[in-house]
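In what comes next, chain A is part of two complexes: it sits with chain B in the first one and with chain C in the second one.
What follows is the complex of A and B.
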């Protein structure tokens, strides 16, 4: 195997690759990148057995062949090479080390047997559809903060992607919850996705995919089966196992009768939350919202540090229902308001019941937030 | 020690009352046909366990917690009686009422035994020993059952004493006798030293109370950590644990020994459902919420294992308990060998009387 590639091109691909490659070093070959030149085309592959990323990059190829070398080391070396330099990779085959030459720099890397590199095949992917990268970004950004990290609830450790009957026909929905809050975002069902099974896409896959979505591709081709999902984003193909579990019937926790409506400007609100919450480093201390007619008072108490309070009056707030008090974790509030552009709408029932939060300008997203006792 | 002996006023008077073969005696009392016969309370079926054995049965080597199969092998004439816990609870309440005539400081250990601190009751009575005699007489007169009692100056010795003349006996360990009483006692007979600790002590050459007394605090600490102070004390007949009338419950658990070993998750689910119900009901009844869920698995070869998980706030619903328990138990299935017992325990209890500000409410998500 022999090739010459532009440093910047190689670096970008290796960045994707090394982020998927296994870092915990339990199975050495999983820390390696598979460099393959076949029919004059160069592909790089990495996998942690849950996710595989394959990237095709432009290179001058001189000789076919394949080799595996440590992804993190290779990435680090290429990162430190001067910009604009051409990088030559040369492997004679078998156990021979991989030679890397760039300008007057040379290195020789130990390799592992290509035959030991696990292949993570997608198998047959009966459902295929194309979705604009911007739409996928919207689905991910507005739900991923709610993904649970609790291992015992493994079936919540991802985004539940499925087709659900909406008010005006079926919608493609992304849902995530950690048991304290839930985010549900929907979009039109892309052509080809109508029959797709509901799938839970793991958190790490979401994180890798999200990075790729910022790199200029207009559209993403999604292929999926019951057990695998594949995203093709430009030259990169990300294949992932799905979480084998049943997502809860989340619809049951979305309240229907919440009729106390509070509207507040997003920036005023989230800034006030941040200022009031700054009194306590403890994550679990609530920010209390005391709500009266067109008046919202945010307050927090820290047994050690003191108290803080801020009022938002009728210039910022509308509220016309019975006065009430309710507490929320500051971070939970801001995770949601971070996804809202201008105006936030809260729909309350009472101080211990699930609260609905919406973006006034964007009905496609709905958030459910459980309060804290205050 | 010396100082305690000088100042009589600080010497406590503790009585440990222990009903004799309680469940079995209640059954023999209520069914004359059972009197004089070896009786075991518990399930006779394949996986049953003896909950209590009458003294007749004990002569054959039948003991509580023994598998019913073993018990029947030891005593082919053994009569198995299903337990009637509601009756035992009622009798126990009656006995508690008798205790309450003498002191408010009553610490029940179970339905059939309790510690009483009668130090302050002494003014109205001749002695702690007299109180113990009165209590035993009242129990016999009012319930038709016999109890053994131990009287001493701390809980540890009172419990040893009640065991000393069982059944239907009374024994007193005075402060002067205490240290000597402990000297000859094998460490495995000490309450508070379990089989595992006893084995470790044996390995260190500690077999009796006298051996244990030869160890200073520093050496004990090195080997036994936090328990060292307790061992150091009891080796000298000292134990300053108070009688705690409203001793807080530390955990609420339920477990079930299975009729037959199970191997599949579906079978485990069927067992776990009622266990979760029982734990949740019990915690509800006592008004206690728990932050930690522990699951327990015992295999066919009696090895056991478990997993636990704690939350920042007490579990808010049965569904949450269910979900935690299932999630913790799931990795044990499929097991390498048959499973004979499953258990679920809720601990880190919080009485919820004053719910802490900052408790995060949870969404009532469906269990998977």
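What follows is the complex of A and C.
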């Protein structure tokens, strides 16, 4: 294997690779990056055996071949090389070390056998579809806050991606819940996704994917089977295992008959919640909403610190149903309002029943929040 | 000096019955989700577990890439758990702790990377502490589909009965002399044959024990045994000896092997030759008494291992027996 690549290009790819390669070094080869030149194309691969990242980069390739070398060391070296320099990699094959030359700098790195490198990309992915990166970003950003971190409910440790019958025909849905709140965001079913199996994409995969979505690619090609999912974002391909479990029937927790409608400006509301909750020392920071005709009073009580109260009047609030009181965790309220652009709509049933929260401007997203006793 | 490890793609030698049981279950499509491999230390339980994994992951051809990845520990559908290394003390930790087994839950809650089985091997399940054992039990109670757990265990008495009862047990029997020869020729290829011939009978059909006897530990423990037989140790020396035996990996069985072997040689020499069974003036060295000592030591060892008794106490009792001959 022999190639010459631009330092900046190589560095950017190695930075992606680095974040997946295993740092805790129990299995040495997982700390390595696979450098492969085939048919004049250079690809770098790293994996932690749950997620694999493959990145193709532009390079002058002189000889085909593959080798694995320590990802962290390589990244560190390339990072410290001066900008604009060309990096030459040369590997004679077998156990021979990998030679790196850049300007007057040379190094030779120990390598591990390519055959020992985990394979995550073998096998076929029967379902393929393309989604705009902005749509995928929207699906992720508006649901990921609700992903559960509880290991015992592993089937909630990811985003459930599936096709469901919506009010106006089938929709591609992303759903996440931790049992206290639920986020459901939908979009039109991309062509090719109609038959896709419902899959739960692990939290870590979501985090890695989300980083890639900010790098300017317009479209993302998604491939999946019922055991693996693959996202191709520009030159990077991310392949991941899925969560092996059954996502609960979330539709049953979405209330149908909530008819008390409260509308409030997002900024007014979330700022007021933060101010009022500041008094509370409890982890859950309960905030009470007392709602009357076009009037919302937020209040919090702390046995040690005192009380706090803020009123939002008819300039900020519209409400036209029976007066009521209901309590929520401040953080849960703000996690949801963070996803909303301008106006929030609450749909209540009563003070102990799940509440629906929506973005007035964007009906594709729906949030369900469990109240708490205050 | 050890040539190959359990991970490497070798067919198991011996253990035909266990092998048949597993293959029958596999071909009948009735594979139990958890298997417990029992048998003495060093007999090849881990090798057998890796062989099962290779069969399940379709990696039986030693040169296949899947077999290569299993050997390198980089097969995404195989998880191997064993006692961790204590970096400070440069030896294996005494227990498998909850942190060691935590990856199992995560691993089994992910889909397979290569569309087949997912295999977990817990090597030395008897070393699991209580919280690790409870974590394993939880997995055994709700086994995920297409997943197999293989536990290896030298002292099943130390496992929770609730774990034992959820596993299908395969007992691995000591190897026959010819099988021992075959295994040792492979794993200790660079050892002179006369050394192998010397330790093979002491190893009771366990290649791992033969290797321990060949390695540095064998020599050091041999020196201890010679010292014990030469000058019967006093109480202080006994503690010191027990400690230096137990701090070694496998020290207990190897020490007892060497001690019993030395005593049986002694007894035989007395019975056949100079002593003629009459004993010295004080009657302390009759062949009969030596044979009796050998029997009691053997019993002590078997009981200790079977019922998981305190090894230090067993060593002290053994040394007291020897001193009191």
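The definition used in the following text is that the second predicted complex is superposed on the first by the 360 of 374 C-alpha atoms of A that agree within 3 Å, B and C clash if a C-alpha of one lies under 4 Å from a C-alpha of the other, contacts with A are read in each partner's own complex, and residues count from 1 in each chain.
Methods note: contacts are C-beta pairs under 8 Å (C-beta built on N, C-alpha and C of every residue); 3 or more make two chains touch, one makes a residue touch a chain.
Bear in mind the structure is a predicted one, so any value in this text is a computation, not a measurement.
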Chain A as common anchor, with chain B and chain C clashing or fitting: clash
Partner chain in contact with A:329 - chain B first, chain C second, else both or neither: first
Touched partner set for A:370, first chain B, second chain C, both or neither: first
First (chain B), second (chain C), both or neither touched by A:91: neither
Which superposed partner A:30 touches (first chain B, second chain C, both, neither): second
Which of chain B and chain C A:203 touches, first, second, both or neither: neither
Partner chain in contact with A:285 - chain B first, chain C second, else both or neither: first
Partner chain(s) touched by A:358 [first = chain B, second = chain C, both, neither]: neither
First, second, both or neither for A:7, with chain B first and chain C second: neither
A:245 touches, of chain B and chain C: first, second, both or neither? both
Superposition clash, chain C versus chain B, among 134-142, 170-178 or 296-304: 134-142
Chain A residues contacted in one complex by chain B, in the other by chain C: 154-155, 245
Touch list for chain A against partner chain B, complex: 152-155, 177, 179-182, 245-246, 248-250, 252-253, 282, 284-286, 301, 327, 329, 352, 354, 368, 370-374
Chain A partner contacts - residues on chain B that touch it in the complex: 309, 312, 320, 323-324, 327-328, 355-368
Residues on chain C engaged by chain A in the complex (per definition of touch): 65, 68-69, 71-76, 105-106, 108-115, 144-145
Interfacial residue positions of chain A with respect to chain C in the complex: 26-27, 29-30, 47, 49-50, 112-113, 115-120, 122-123, 151, 154-155, 157, 202, 225-228, 241-245
